[in-house]
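Think of it as A, B and C in the order they're written, each chain with its own count starting at 1.
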């Protein structure tokens, strides 16, 4: 599996030079607690999610939320036929937000990683600014955008004054605001890996490009960009995966509306409100499967293309 | 096919435009990038500034419209008891989950770097997958598990869930530190008559400490801000993000802004302090003319909780590389 | 195959070049002409400005003052990618994401030259590496990477090929081999080579002309033998091989030679081999030109004699033995003796005299008392200071 794609480094970091020792008992002792914990609270729940996704309604129970183990494939058919707009919307929004975040982040990462390289203090400050959004609650900063985009807010008023927005139009609750929120919230996830790649980029390659008759634009396309591709791949994954499962931005109380509900909203509603556990589980499995397929194809493609 | 060198000169120097004032010719590209960066940073800061400013709002009913400056919200944070309870729960969950995850994760990191064993690839996969799984799936999975096992949801289940997703990040962070540790140091310890236990506590552990601290801070930050997984596994218990979520529909009290702002300032101070500390140390090293200043830059960055929070994410490559082998 | 290549490179002329970085001057007032088709070496210690000179010529830095002419054309304002100059970088800078052949064809493709691939293969054949064309640079050994870097530069038939310590990363044996290969390739392709190095032996073996650079200036320039046999400054005398240097007043000045009083002893130096003929002068002689005597030799015309002195150190190095001889009132004299006999002839403590043919002496233009011109500014402390100054200057500017 190409986990390397998650790394922002141009070259895979070599493992320790230390020849790993064969350690029977000590290794087991060190590994066991963590491995057992993850098995119990990550692997088993995944299995239990799969099992739940095939459950059928308990015929003997009268209350909602009682299910028995079965092998009901129909659950999958049901969720896909019912929620296919949400599924499509999720991946569409996530993809769009990923592209926007990439366009926003690359030049920023380039400034920090290459242009500010000779100014360590400014570089540190810039990095702090990039991660600053993480220090304030994710929910509150999303709510801040909601209020900035609210009908009485500056943005809407200005746009209406410029006749770019009709008097009855809104910004909140639209696909625009949801994608905007997703983009904003995941920008640091995109910027930092690209920054890491560019920061480690040996500028002598860029000089060599110039020496070999490549114009600055050509050098960028053929040297800088390909060498920073690992960071781009890792940034897009770090943005796309959480964005496709997110349900805060698209939630009615935040930047979305019922028309913008994503797969995460549907899973939450089915699980926590409707107590339709099999549907929520089936949707989760669908989400995870689609992500694995998309990510696998993406990583393979960006890996075997041999970076141009 | 022949390319006379003289011709090459001709081609290359077709138009030798004399530019006497070269030094003032700063590229438009460089300026453009600089201006862009300033705009981009401003954009990133908008909601932060908004949140902080509204923590000083003289609130009547809802904290949406600016009604004037006041310090009341800051002075009477716990006038909204739910906010404070939620904050307390978040601290409790964060600290407990951090301790558990750091202990288990550090042990795993050491084992992964220092020992070769049969299920290495499988272990790596087990650590990688939680990071690549959407939170909603992690949350729903655990919730389904608790449901079928009949475990009532509450603070305990939140701690279990947070510990689970923190372990991977701890392993990734500490692992990098273990890998950079020169094994000759431990061998020197053994050579100087230290028992295996003494080698660990007197040599290995102190050297790993910066990495472990970074991992712990990262864990705490992840746990403190998590909402999605918490929402599935909290039952009636309320953490700070969950409080904000439920309150969002009816309006957030300014006290929530106060807490978020306070946490923000604390984190920023921590980051700046480590950065200044790093700069001071760098200067000291420079004065005593220790050659490589990059080494100290790397070391000072270690404790930088903020950066490491994400560093962990993208450095998971090293995690993958261990199990999947070198891709080259 | 050489038929497809250009017959010679172009002249390079640097006029009044200086380069100042915030905090220090890398090059001051450099004038230099390198004739087409020559193998020119710029030799100096690290930090002497030779790499900066190279970067200026390549267009990677801009000179603070001065002009650069290539084949008579002013290229000072020509962008790097438009200059018919190629560099073999010290780190090779082979693009890690491209195969060897793509690396070599890179420059040709950027210039839109057809058959780039075929030409690249030809260049790889020249360095005998066509069989690794499909590999990535990381899969090659250091010597192979070095040759690929050379091919990548040579294939463009640049008017001038710059070599930035290209052999620095190689081990001694490979280095020797590459020195010979490089020279052969230069002969084959007939391009102008400008080779920057801090290894005096490398410069002397390979180049037709060597310029010794120190503290941003060229100290002396000429054929390797000329530089070695007749160094004109203390720095050259010490940087290029070893020298025994003595300072004293000129006591008599004849038609053919001058006589210098060194601690009461009269030493003669040919007039045309001395840079200064009056006042305090510094004269010198190479250690291998000295003869060792167990008893005081008869004074003879055309020979300088020093002694008696005591052998303070004997170090055997196979071909020769180096003796350190303390001569009262003069200091220590170093001497190389060929090991014609078995084992060292003299032991520590032996009383000896040394002599040399007057024709072998030389007189330099400056004297060591001027303070060491070769002030090593490449130690970690000065680098740290330079970096800090640079940073501070930049911050002030910003």
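We take it that contacts are C-beta pairs under 8 Å (C-beta built on N, C-alpha and C of every residue); 3 or more make two chains touch, one makes a residue touch a chain.
Since we're looking at a predicted model, the values are computed, not measured.
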{"item": "Chain pair with more C-beta contacts, A-B versus A-C", "value": "A-B"}
{"item": "Distance-to-centre winner among chains (Cα means, whole assembly as reference)", "value": "B"}
{"item": "Longest centre-to-centre distance from subunit A, chain (CA-based)", "value": "C"}
{"item": "Intercentroid distance (Cα basis), subunit C paired with subunit B, Å", "value": "51"}
{"item": "Centroid distance [mean C-alpha coordinates] between subunit C and subunit A, Å", "value": "56"}
{"item": "Chain centre separation in whole Å, for subunit B relative to subunit A (CA means)", "value": "16"}
{"item": "Numbers and ranges of subunit C residues touching at least 2 other chains", "value": "82, 156"}
{"item": "For subunit B, residues contacting two or more additional chains", "value": "328"}
{"item": "Contacts with two or more other chains, residues of subunit A listed in rising order", "value": "120-121, 216"}
{"item": "Residues on subunit B engaged by subunit A in the complex (per definition of touch)", "value": "29-30, 33-34, 36-37, 40-41, 44-48, 50-52, 54, 64-65, 103-105, 107-108, 110-117, 123-138, 140-145, 147-148, 160-161, 163-164, 167-168, 171, 176, 178-181, 183, 221, 225, 227-228, 231-232, 240-241, 244-245, 248-249, 252, 256-257, 260-261, 263-264, 267-268, 271-272, 275, 279, 297, 306-307, 309-311, 313-324, 326-328"}
{"item": "In the complex with subunit A, residue positions of subunit C that touch it", "value": "58-60, 79-82, 85-87, 89, 91, 93-98, 106-107, 110-111, 152-153, 156, 391, 394-395, 398"}
{"item": "Touch list for subunit A against partner subunit B, complex", "value": "1-9, 12-18, 20-24, 26-31, 33-35, 37-39, 41-46, 48-49, 51-52, 104, 107-108, 110-112, 115, 120-121, 124, 126-145, 147-148, 150, 152, 184, 187-189, 192-193, 196, 216, 230-231, 234-235, 237-238, 241-242, 244-248, 253-254, 263-264, 267-268, 271-272, 277, 280-281, 284-285, 287-288, 291, 295, 303"}
{"item": "Partner subunit C, residues of subunit A touching it in the complex", "value": "10-11, 118-121, 202, 204-205, 207-216, 218-219, 222-223, 226-227, 306-308"}
